[in-house]
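In order of appearance the chains are A, B, C and D, and numbering begins at 1 in each one.
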Amino acid sequence: MTSMEVIIGIDLGSTTTKAVVLDIEGNVIGRGITNSRSNYDVAAQIVREEAFVRTRFTLVERNLQAAGGVIGSLERNLKLEQHLELLARLRQAMSMLAGGPKHRGHAGELAARLGVLGDEMERRARSQFAPGATRRSDFFRDLAGGDFMHIAEGLADKAIPFDVLCSVFDAAILGVECLPIERAFERHINTALQSTLSEEPLGIAAELRKAVDAARATELVELSTVGTGYGRARLPFPKEQIRSEILCHGLGAHAMFPDTRTVLDIGGQDTKAIQVDSDGIVTSFQMNDRCAAGCGRYLGYIADEMNLGLHELGPLAMESHTRVKINSTCTVFAGAELRERLSLGQKREDILAGLHRAIILRAMSLLARSGGINDQFTFTGGVARNPAAVQALRDLVRENYGQRSINTSADSIYTGALGAALFARRAAERKAA
Amino acid sequence: MSELLTAGMDVGSSSVKTVIVANGTPLVMRTDRIRRRDLRKVIEESYDAALAGADLERKDIAYLATTGEGELVEFRRGHFYGMTTHARGAIFLMPEARAALDIGALHARAMKMDERSKVLSYRMTSQCASGSGQFLENVARYLGITLEDIGPLSCTASAPEGVSSICAVLAETDVINMVSRGIKTNDILKGIHLSMAGRYLKLLRSIGAEGTVAITGGLSADVGLAQAMRERIEIEKLDMNVLTDPRAIYAGAIGAALWGAFRHDVLSRRNVA
Amino acid sequence: MSTVRKEDSMLLQKEMISDHYDRLARAHDDGKKVVYTFVPGNLNELVRSFDLLPVLPEINALQSGMRKLSGDYIAEAEKHGHSEDVCTYVKCDIGMLKKGNIGPTGKRLPKPDLLLLSYTGCFTFMKWFELLREEYGDDVPVAMLHVPYQANGRIEPHQRQYVVRQLETEVIPRLEEVSGRKFDPDRLREMLRLSSRAEDDLVWTLESAKHKPSPIDAYFGGVYYIGPMFSAFRGTQEAVDYYATLRAEVQERLDAGAGPITPEGPMKNEKYRLVVEGPPNWTSFREFWKMFYDEDAVVVASTYTKVGGLYDRGFRHDPDHALETLADYCLGCYTNLGLPTRVELIERYIREYSADGFLIHSVKSCNSFSVGQLMMLRQLEERTGVPGAFIESDLVDPRYFSAANVKNRIESYLQMLDQKRGAAA
Amino acid sequence: MTHSLESVLAHARSLADDIELAEVRRWKEKAPGRRAVGHMPTYVPRELIHAAGMLPVGIVGGGDRLEIIRGDAYFQSYICRIPRSTIELALSGKLDALDGMLFPAICDVIRNLSGMWSMIFPERYVHYVDLPQNFDSAVGGAFWRHELETLRRDFEALAGVTITDEALRASIAVYNENRRAIRDLYAARGRQPWIYPFSETWQLLRAGNVLPPEEHTALLRSYLEVAPTDKERRDRDHSRVVLVGMFCEQPPYGLLLTLERAGCYVVDDDLLIGLRWLKDDVPLQGHPLDNLVEGYLNHSVMSASRYAPEGHRGSSLVESVDRLEAEGVIFCAASFCDPALLDQPMLVAALDRKGIPHTEFKYSEDTGQFAVIREQAGTFSDSIRLWATE
């Protein structure tokens, strides 16, 4: 059995937990992400496992001369298997709950409905992971939750009201989320390979199988791990393996865009403005937390309010031509203001555009406080995935600071984890020396 | 003498409450949740449904008074502000009350009044929705329980868990953390209730409230909150006792209808004179 | 040995304070009169020369903070209509008054016979004593001393003259009325002489931090060292003795190459040398301090230790020009300096004390300190190339001290200094 | 020439909103070498600026339309809004028309802002106007006289002229006229608040920040003349209130409308108090500087930012309530405004002693949501109205 030494950085964010795996040369070979809404240990375990799955795919890729699109479909099929495994657990948990004392009056009927629901969820899952299909979210909770609610609405009636179904789901999902899936690649890759090969016959099937086997058999040896982020204090790591998220974001942004001098990170519950020097060393920073106004959660709240997915928010706001000025500073009041404005007949996209600008305006203050916006400027964190937020930022930067190169990346949500991994690599080097 | 019929409508941020009062006694009381519907429509429907419930028509009502966001009601006769009406409603329902605490979806309002419901001093929360009804609603959603369950569950708590974040939005993360740490639902709710109670007591103290305090508005239905307030009053050794009434969620609308009757009298006397 | 000696000065100070509060508690029975006044711009020698006893509400407020009573006091004041937004010292003081005016040693404080309102460096002082006057009733006289602002970075002759004229026409006559004694310039001169001796030793102590390792913490330890000088003891023999004892102790640590004393014993390895601007947080003072010494960070200079008098730029009370020297003292207190002067002062501290970094602790209460601190941060970083950190909390309002946040910031900052050092090496 | 009410109001509105000082630039362009000197709220001796041929310009922050980008880099969240929006305006070049800036001693915020200004704009004229808190003419008077002489020399240098006593007397006369017009406006509104609504008088007053005093006086006079011509303006079932606490940071216009809609007639206020700091005409005979000193020491308004001797805090408020037959007082202070908020408990005590009802809330210049204020003011006005018969 071969083994491979890896270095890991974990960013325990308030909303999502991210992991980055580096090889000994410092190349990124795996990333993982999960929602943080569970026990921090478990989140860290899950995300590490996720990143390892991805790492093994990288190994497959490396073992294979011409992989083409096959890795993508292999990954998708593996995700499906993971999803189905979780779904099975969810169904089990729900049927346990349905048999509990709370539902004594309608246990049989409830179980029947849940059975129908489960079958339909499974069917939908398969189609969501079919070739070419798109998914609303990367997380089981969101996908399963969305499907469940949608199906339950149709199934609910007087006998089994919607609220009852929802309460069963809400209770069940919490338990399911707290259990890690171990060795997912090892256990599911064969099935996934089977599915992939059945989707389209491949000329390189034998080679692929060999590469997969090799990847599966490789032992991943953790040389060094560093944790960071909001929940870092709760990681079961010794102190020297924990770094402030500020430093990690600074270093991570520097690694992704070496000319970065200013970093803005907008996460779920905090916003950070960081200045770094030419070595990625933080020279000053400002941070906002404890209030959801102006953070990613603000957008999440608004999305819920409008019954939209997070990723739909930005594109809709981009359709606006006449932006509305939003007055509320509090997220909840912004929700109320939104309703009020909608009832006055203002357009959704215009209000949304105003909301995005409001968030970015808050970030601009923080940036100003941290020392302004210097060239180059890197925007990271989950909100950087939102095109309207990026647009609002570009506008405001241009209006107030003039020309600046603004970097964003699809992987920007991993910036903190990448920084942590780089710190881990330094520690490993020091240990070796 | 024929009946004097007046109506009160309390247009809130989460629901519309309509009450019809005949000679000082409520005949019909109803709540309509707004739930992303067109507010004007909800208002009209609620009013007409309330009238239908008493076999009445709009023309039978001598005075329709609104409160809350009642400016939206074009067919009203007069408007009274929230604290005026809640004080009146509170005194009507709980005559011994000398202060009222109206807790709605977004704000809490404290008022101190005399036995004739004259408002002596008052204050409301602003700028931050922490500790409001919306906050509890969010928590309930993430705990997977219904609003009606909150109060009774909270009352069964044995080891309330303190909450650190009081942001109505971020509470969710806190709550989920607690759930995953194995904290029981009732203890979580109780912890939240205690922290809310602390804020409300501070609000009440800031206006110099003493004696009987009536809780009105949506959260008056939450027995856990009242319980938590009693406990904190005990601990802080305050000279207050808390009362609720099943009809207290309508206090604003009742108050408006009663003030409407008063104004009607004043105005008709003026006409006579 | 050194720890035993260290306790000498601590014990001495404790004793002085408790004696003082005893005397205050008995004052009216003993036929003594008391004057309430403020730390910055306090005219302790003048007050004492009339045999009057000073009460310093700011000290009471910070003591209430350290004894974790301030939260209740503030709530009490807010209940009586004092705004959430204003200085918490004021509210803490008024809350304490409303709850019986029990001082830090558990003894009741006497009612003021005079409110000596020295309006130095802070506008809130004026309102504070107007509010106290409201509490005590108009029969408590107020002596108003308006100290103009050093906007131009120097004391102008007409400013000095304005203060001296007020001393002559407003302050001294009121003190004479209240005490029933005539002003005695010789007695005042004698006290000023004692002041300047103690001032020499205080400055020596504070400047000992220029050594590496520093034998003192000039902020967390510093607030104790300035105690007698800034409160009721300037101009007394007791203060002279205290500072001589303190100096001897510090000298000993210096000779031994020892670091400062912390609540958990002497600090061993000085890793970071910091300059701090802004007053400390009192409600979590120990916790706050611990965040520093746990990381081996020592504060080598601070501006807070200059609020009750700026001595390390040469000023000493001058017995030969009694009223002028009091005027100069008032005009020269730290928060009465223009912002550019404050920036220059900190810049000098960073250089002269070879600091690795500087930290601004910005408190919500105090506009006099806080307004402009963000700009000071930028200016100082630019001028010195030393990175700064910015932390926000409050003086005595426990609601505004978020330990987790402050710790996160301090940790991040120190890690940043470390990283920077690593890169330079 | 008579103007319609509409055109007077439109003119006033555009001037009140003129945070970018377009009017000042226009004035400067009319003749070469013209200069303008800005000042923060409350009192500065505008007469001296005027006598040097310069334009005094009142700066009151950025209101609710200015987006704050850089301003927050200078001020923590717990500091009022006016300094940050003023810095924002300055940094974005919107105050470039000003050749100098005065910071009167109103509070520690403005005091420290003066130092910040001198660091940000080292090349511009900046002066901290240290108003005396001692009102003895031999002590505080002498100090103030010295300050005025310094200002006189400074302005002479800045404008490149000599300020003769004659010129100064003429300027005092101009400002006497202006203050008289403002007093007339307040008196008229006190009598008939429905004819001169608060939301309008505020805009008229604000126009005085950027207009030359002669033009401002004329504008006020035409308003006083034409406002009664609007026959729509009728007395309504509103309560008469006095507003306190808005002497520095200005409330957003929406707040004024909210108060009116909630049923309040504002019969007195302390908005832009600096324009009428001196309550009486300053005599023209005698030495003009001595007269200004005397005006400041003995004929100025009571305000939170000046020391009130024993028994004086609150008396002028009570006097104004009595004189105007107001039914209540609304404390409406800017958030984090120390002077106003520290003053409040004393004023409240003075009102309580007289049984005058009062309520309070806070705002900031960029407050955008008025729901809470509407409810508070509405409840206040309700309670006055419903219990008026008592």
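By definition in this document, a residue touches a chain if its C-beta (ideal position, glycine included) is under 8 Å from a C-beta of that chain, and two chains touch if they have at least 3 such contacts.
As the structure is a computational prediction, the values presented were derived from the model and not from experiment.
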Report summary line: Ordered by label, the neighbours common to chain A and chain D are B, C
Query raised in the report: Where's the contact count highest, between which chains?
Result: C-D
Query raised in the report: How far is the middle of chain B from the middle of chain C, if each middle is the mean of its Cα atoms, in Å?
Result: 49
Query raised in the report: In angstrom, rounded to a whole number, how far apart do the mean CA points of chain B and chain D lie?
Result: 40
Report task. Hunt down the residues of chain A that sit against at least two other chains at once, touch-wise. Result -> 290, 333, 369
Query raised in the report: In chain C, what residues contact two or more other chains?
Result: 81, 374, 378
Report summary line: By the touch definition above, chain B meets two or more other chains at residues 127
Query raised in the report: What kind of graph do the touching chains make: line, ring, star, complete, other?
Result: complete
Report summary line: Within their complex, chain B touches chain D through residues 69, 80-84, 107, 109, 111, 118-119, 121-122, 124, 126-127, 259, 262
Query raised in the report: Which residues, counting only chain C, touch chain A once they are in their complex?
Result: 374, 378, 381, 387-388, 390, 402, 405, 408-409, 411-412, 415-416, 419-420, 423
Query - Residue numbers on chain D that touch chain B, as the complex places them - result: 262, 359, 361, 371-372, 374-376, 378-379, 381-383, 386-387
Requested in this report: Quick one: which bits of chain B touch chain C in the complex? Just the residue numbers, please.
Outcome: 202, 205-206, 208
Query - Residues of chain C that touch chain B when the two form their complex - result: 75, 78-79, 81
